[in-house]
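Pasting the structures in now, so scroll down.
What follows is a pair of complexes built around subunit A, which joins subunit B in one and subunit C in the other.
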Partner chain A sequence: MVLLAEEDKTLHVYAAVGIGVVCLVIGVPLWWKTTDVYRVSLPYSDIDQLAQYKIQYGVDVTVISFDEQMVDADLAALSKHLMDSLDRNPTPGDISSRYRTNVKEKTTQESSLLSSSTSVSDLDAKLNEVYKQDHNHYYVILLPQTSQLKVKAPVIGLNRNIFFTKEEKDIKQLADQIGQTLKEVVVRERSVLKAYEAAKGSRDQKPDKERMRTVRSHPGYDITFTLVNSQPDIIDAQWDIQHAVHAYLEPLTKRLKKYAAINVQSQVLYFTQMMTKPKTDKEKNEHYYTTKELPLIINPIEANLGSPASNNPELNFLVYVPTRDEHPLHIRDDTGMNLASNAFLSPRWGGIYICNIPSPPQNASLPVRPSIDMKKVMEIFLFQLRLLFNLLYQGSTSVDLIPVGNTVVAEWELDGWLRSHCVENLATATATLQSLAQLLGQISNIVINDDIGQEVQSAVQSIKESYQLLKEGFLEKAFLASREAIISSEKAFFDPSLLELLYFPEDQKFAIYIPLFLPISFPVFSSLFKAFKWFRETKGLTKAKQE
Partner chain B sequence: MDASIGPWHRTRCLLYFKIIFLFFKVYALPDDTFSEELLVKPFESGQVLFHFQFTTLWNASTAEPGSFTHYRLFPKALGDVLVKYQVQELHLSLTQGLWRYEKWGYPPEDAPPGVELWVWFLPTVSNIDKTWSDLVNALSGLFCASLNFMDSKSTVLPRWSFRPMGLASEYYSFDSRFMRYSALPKEIVCTENLTPWKKLLPCLSRVGLATLLNAMKLYDSYYSSLGIHVRPVCRTQTCTDQSIELKQTLSVVFDPTISSSGYQNWQLRSLFGDPLTSQCPLASISKVYLDKAHLQSSDATVTLYPEPDEVVNFTRGREKLTYAVWDIGRQISRHQQLNLAIHYNRKIHYGEINPPPVYAQRFITGFGLEKGGITSIIYNNLDTNLTAIYMETIPWFLRLYFSSITITNHGIVVKPYKIHYVPGKDRARNYQLELVFRLRPHSVTKISMQFERAFLKWTEYPPDANHGFYVNSAIISTVLPDAYNYTASPQTSSLLGDSTRDNSTEFFLRLHTETLLVSLPTPDFSMPYNVICLACTVVAIVFGSIHNLTTRRFIAVDPDKQVGIIQKIKNKFKRNKPEEIVAELTASESVDQKNESDIKTKKKEEMG
Partner chain C sequence: MIFAILLSLSTSVLTVNTANPPVEEFFASNHTNNWAVLVDASRFWFNYRHVANVLSIYRSVKRLGIPDSHIILMVADDMACNPRNPRPATVFNNANQHINVYGDDVEVDYRGYEVTVENFIRVLTGRLSPSTPRSKRLLSDERSNILVYMTGHGGDGFLKFQDSEEISSVELADAFQQMWQKRRYHEIFFMIDTCQAESMFQKFYSPNILAVASSKVGEDSLSHHVDPAIGVYVIDRYTYYALEFLENVQPGSKKTMDQFFKVCPRIQCQSTVSVRTDLFQRDPKKTIITDFFGSVRNVELLTETLNLQDSTAELSCSKDKCPEDKPPKSGVQPLSYAKQFPMPN
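And now, the complex of A and B:
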């Protein structure tokens, strides 16, 4: 009878252990698996690694000396000093430049080019033709003092040529001057660093005009020109915007077409007025806004501008025709002087130009329909656009720039634009991927689709590719790759499927399961506990028996 | 699911579609023109309709995206959307209140309560469903309305009811693949929709007729409807080029008899808050028309202030009409303002009102929450036969029985010429029904159908589910031979004023019936958790008992030695008395090891 009871007990203990094992080994994983959400594995380690990368961009420089007085030894010294100068004062931070220099003497073909050129810009165009100058490769031309083309200060052509004349300075001074001009003006290292920092969103940034003004990099931009006729019953100003856009803006949009889609539109607004009343100067019989009041002007007008149907950043350029009461309207700077341009720029938004049109005489039949001088308007707006796109160099280094004129953008400026945008894209894409990875890591019940996985993969791939290309100096390809990266990463980040299951928090999930889990797990665990106790006892008993 | 019908039937029911493709009048246009018009129509029932229409014509075409670059009078915000989503024609209406056809006749722009949107896309659009969903999202942002709910579940492709209103090739206009229709009967329309609508006007609401559009007054009315209608029209008579026409309409119905103590007197200042003091300088036409149809029929003396600039007598169809016309520019230069007013010398007499030739009623039938039905009654008061198209879109959760659709006319079953029926799919598609049939003269035609109410999943119920679910208006399209009570502008022209020069003999009519409110079986929403708890408890009990059966021993207890509950509790306290034997059927968790070992020792003792 005792034996039977013991056997019975053993059986029950094994049954309890069996049930426990089934529950734990099959039940729990099965439950886990069936309630799990679909998540594609993302290259988390790659993304982490991307953040550690240091961006390095390569720049090619060729120095061609037309100066007969420079002998081979001089050229060697120049090469050495130039290298020193370019590698000196590296920009701090995660981003660095790498220059490859080559100093050589002119060839006979080149000297014939020089002698046949009538001006520096002529030589600039000819050199461009001969060398088929590509992105990111700059030519420093040392003009002889004897030449009629000799320059006082360094001159930067429309293409990628920088002209110097060696005066009585020694070689080292010349090398320093070349190095400084390259770093400050042509390559604009500081600008590149600013673009990178802005995109990275580092906290400890000092407010900086250039960084705050420049429009963020985007695959496309919408530019809208708006004519604001505040009193069309008196002055209904007309503009030939179609022609103006064609003549002044198209060279730029065509040149940038490959890198950014720029969509230009225009509209006319009527009966839209500035909400803040301008101050009146009774002596001069004119009205004015001070620079402090300008920020208050934009908002009421912006409400009527309408929103575009695309996701591109929008740049607005407004021509404001003042009402009869406000006429003439000026903008005054801090010293109380009227601004010559009568226009102002709003960072990352666009510009406003106040166009004073004389009031019609008393007996005129209203409304009068004067037309606006589009050349002046477009000159102002193109200047503002170059500032917003950060194409314009504004620095302390003294150089002469050949005016861009109708082409709107010089080749070396375009290179600079590509360089800072490439760096900015890389930083933004990396930051986007990082925050996506962080988000997905933190919230474990977000579904990650195959599409998102693919986009993330391709973004990572493009970023790596772009890093490599940038380092090797293939600027254009690097930019295009970085644009791919930013498009893919944004697509992954803003994928609507990420939001689908977000509103089912973890704690509620357990509230649902507890009514099942609690009553089942309690007996299972207690019987398991008992079973182990029994095992231990029997073990002790057998040991005692053996002893 | 077309019913096969004889060839003459087919010719007949397609006949009137032809009027939709009429030729357009000649306009010698500058690049773009704008006009503002107001039509006032006092009703016999005492209410007054004010219908504002702002028309912009522009020499541009959505088929050539380049032409939508430099905007002047046409709103850029809307133009961008039209071009981006390649829209050929767009008709949007946002309405608060129900139009009462029996009392008020036909509105200038017909609209159902809530929001209605129908769009014809250009044939170049590759994925129309995707474009449609992007378009409704863009429009929903533009007009601050929940148009984004117009998803695939509530969108249909009507085959016959909606044809292009503007210029279109015959081949294109018979292909309903390019069009989408959707309506949101539940949408509430208010100031937030009016403000963006006003922003599309070139003169905004600063000057001109739009200064009257004061939201406080407009939404304190019987009926108020906003509309945006975009269509391509011919630029010249030869029609070699297209222009785009944007009609912004606003209809509002006031009841002045309430504030004027029984008199039907009103003036602009009392209804809109302000008189008209300016004219939009950009408008080429700024006019106010007053339809005197119901002024002459009453026996009261009616005085109009100020004197109209012009009184136009004209015949439309066989109907003799009189419009009083005020030119806003002329009135303002003369009087500085236009405070249009009507004065009656006696109180209004409420009498029987002559209903319009064709009108309809629709209601829910049946009781209980399992089954139900929809019945529509269409009245034809004309002495001629009419061919009508009846369109019904029913949400998927009202499962329509196709076999139950019957059309009867005074008890006689009417066989429809054509049927287009798309069965619904649960959670994917609405039921869509289009019927083409004949309305006999002086008769009442009844259409009835039965449905079964579906159970929804608990996440599918909207907030306040007990309020009920809305069903779209049914749409009846037909062509009238006469213009009795007809106020819409002719289809071939852009302006309201062209009604006075309309010499057409057929008048296209589209009616929207009432929307319906259906209640569905609605659960108590705390139930799912209760069910989970209950089901889990049952599972836990079953599991618990099986678990106990397999892991515990059961011992028979001597019934003689069985003790009462009180004794048991006492025993617990006297545990150290070994002579008392306590045996327990261990089914509960609370049995401890000590008790068990107690039993064991006892048993051993006994056996020993």
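And now, the complex of A and C:
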């Protein structure tokens, strides 16, 4: 009887141990595995490292001297002074420039180019053809004083040529002048720094106009041209916008095509008027807005503009045809003078041009359909577009720029655009990845998909690549890599799946698991404990028996 | 002084840039655009007043110049179409029924069961599915001022959404931090009208946020008056007096945020309006109210234009293919029928 009870107890104990083992060895890991949040491992250390990187951008400069008076010793001195000048006053902060200079004398081929050129811009075009000038490589041309092309102030061509004439004997002065022109105007170090700081998010100083106005770097932009016919029953103005876009805007969009997708749209709005009444000047019999009213007239009109389907930044350009009662309508500056252009700009938004069309004569059959001079319209809007894209140099260094005219953008301006956008993209993408890494590190509940992992990996890769390319001076490739980086990093950061499991806080986990696990775990653990005790007892017994 | 002389010297030697006189280097304000996120978090007929609150604020910001494309309006229930509404398709914020705040052009972006904590956080942080239309997105940048207005039923540290879930003050603070890190705002004005409203902004830690709440922790926010015709309260006290203030603000107004904070003293509100300014870098006394409630844009007069050469049609046509359908420049426009929808074969 005792023996049977003993056997029974052994069976009980082994059963308890068996269940306990199943629960602990299979159950717990299985539960752990199935409720685990799926997280792809991200290159956290790489992302941390990216923040430590210092951006360096390389620039190539070749100086070609056409000046016969400059002997080899002069050229060597020029080279030395130029290097000194370019390395002086580095921009503060994490970003620096690296110039590679090369000073040489003209070849016979080049001197024949000079003698055959009729003007500086002609020589500029010819040099571009001969050298097949690439991004980020600038040619400083020293014109002899004897040449008919000699220039008073530095002249920057439409391509990547800068023309100087040595006035004084002092080579150091010339080198300084070249250095300053390159840094301030051509490379625009200050703009690059501003773009970097804006993207980095340092907001300690008040942003200046350039920084406020410049549209942020984005893979695409939507440009909308709108004609506002306020009284189409009287004046139904017509515009040939399609032709104007083909003829005047396309040189710019074609140049930028490789770097940003630009969608151009146009529309005509009827019966839309300015909500703010203009002031009336009875003496001159005209109406006007001052800078006080202008900020308020945009919004009521903007409400009618509609919005594009994409999420790109929008740029709006409006031609407003005033009503008969408002005509003629002018914009007056702070001194009370009528503004010649009759147009204004709102930063990061676009521009408005008030197009005064003379009222129809008394006996005309209404509506009259005058057509708008699109050249004038585009002259205004393209200038505003150059401001918004920060292509225009507006500084205090005295230089002569060859007017861009119908090409709209000069090659060296495009380089500047690429450079500041590349730097901005790099800073933004790095900050985005850091923020994402910080968020994912903080909240362990966020699922990280394979997609996100992949995007982050490729963003890190592209950023590294872009840093390297920028340093070596391959500007275009660096920009394209930085664009890849920003697209990938934004995609990862804004991925909707990041929020899916967020609303499942830790404390609620306990609320769910305790009612489930407590009733099971209590008998399992207590019987395991009993079994353990029984083993010790039987061990003690057998030992006692042996003794 | 020396700098000024240098500046004038340097401008005098300009060759190209002499055309534009030394212009001011800065714009009037530091933001370029305004956004508003207006949230009513509660549903059911007896919460009529919350819908009226949010629609009234919507009407005000729109009147002051923020376009619909820059307003995200979240309304958890459709009072205008409620069968218990004796005057369908209207919502009034006053028993006198002067203004129908559910007017002709109300653009509700998220309505009914779309108003969830998740969607609200998604809008703020920008983590929306790619198919979300532009009008439902907060596409702000580092130069945007954002007004966030919330109303509903709240408690200490949370605001209830839809009677089924709630947003906690920590979640909201984290969402704002995410926005800051991704440079999605320049300044935020956070305004909340709910019970124990102050608790919602106590956890904020991101810079450049100005916040005002209708009541302190432990206090209830009360409704203003009942409309006997529909049998429910039509507006909350704080919003009522705030609107009274906003009605006197015109788009070019110079009223300041500090004046706005003095709205609804305890004697009117029966709760203490609470303000948080420590995260905000500017002085509320010098911050004008239209920095948040309106949209006063910066402008720059154009003193220069590009010189283009007349590009005739032939010139541009020779390179690319010609634009085929040019509208006639003047005279009678040809009439034509609208194109039919393609019919299935």
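FYI, the second predicted complex is superposed on the first by the 477 of 547 C-alpha atoms of A that agree within 3 Å, B and C clash if a C-alpha of one lies under 4 Å from a C-alpha of the other, contacts with A are read in each partner's own complex, and residues count from 1 in each chain.
Following the convention adopted for this analysis, contacts are C-beta pairs under 8 Å (C-beta built on N, C-alpha and C of every residue); 3 or more make two chains touch, one makes a residue touch a chain.
All figures in this text were calculated on a predicted structure; none of them were measured in a lab.
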Which partner does A:Gly201 reach: the first (subunit B), the second (subunit C), both, or neither?
second
Given the touch rule stated above, what does A:Pro523 touch, subunit B (first), subunit C (second), both, or neither?
first
After superposition on the shared chain, which partner residues are touched by A:Pro300: those of subunit B (first), subunit C (second), both, or neither?
second
Contacts for A:Gln242 in the overlay, against subunit B (first) and subunit C (second): which applies, first, second, both or neither?
both
Would you check which partner chain A:Asn311 touches, where first means subunit B only, second means subunit C only, and both and neither mean what they say?
second
Larger residue footprint on subunit A, choosing between subunit B and subunit C, goes to C
For A:Asp87, is the partner it touches subunit B (first), subunit C (second), both, or none of the two (neither)?
neither
Based on the superposed arrangement, let me know which partner A:Glu537 touches: subunit B (first), subunit C (second), both, or neither?
neither
Footprint overlap on subunit A, comparing subunit B with subunit C:
242, 307-310
Touching residues (chain side subunit A, partner subunit C) in the complex:
152-153, 198-199, 201, 203, 206-209, 212-213, 216, 238, 240, 242-243, 246-248, 250, 291-296, 298-300, 302-303, 307-311, 331, 333, 339-341, 343-349, 351, 369-371, 375, 378-380, 382-384, 386, 394-396, 398-401, 403-406, 408, 428, 431-432, 435, 438-439, 493-496, 498-499, 502-503
Within their complex, state which residues of subunit C touch subunit A.
7, 10-11, 13-17, 20, 23-28, 30, 32-33, 65-69, 117-118, 121-122, 125-130, 133-135, 137, 139, 141-143, 165, 178, 181-183, 251-252, 294-311, 313, 315-316, 320, 323, 326-331, 333
Quick one: which bits of subunit A touch subunit B in the complex? Just the residue numbers, please.
1-2, 5, 8-9, 12-13, 15-16, 19, 224, 232-233, 236, 241-242, 245, 264-268, 270-272, 304, 306-310, 367, 512, 515-516, 518-520, 522-524, 526-527, 530, 533
Quick check: in the complex, which residue numbers of subunit B touch subunit A?
69-73, 75-77, 80-81, 83-85, 138, 141-142, 199, 202-204, 206-207, 281-282, 529, 532-533, 536-537, 539-541, 543-544, 547-548, 550-553, 589, 593, 604, 607
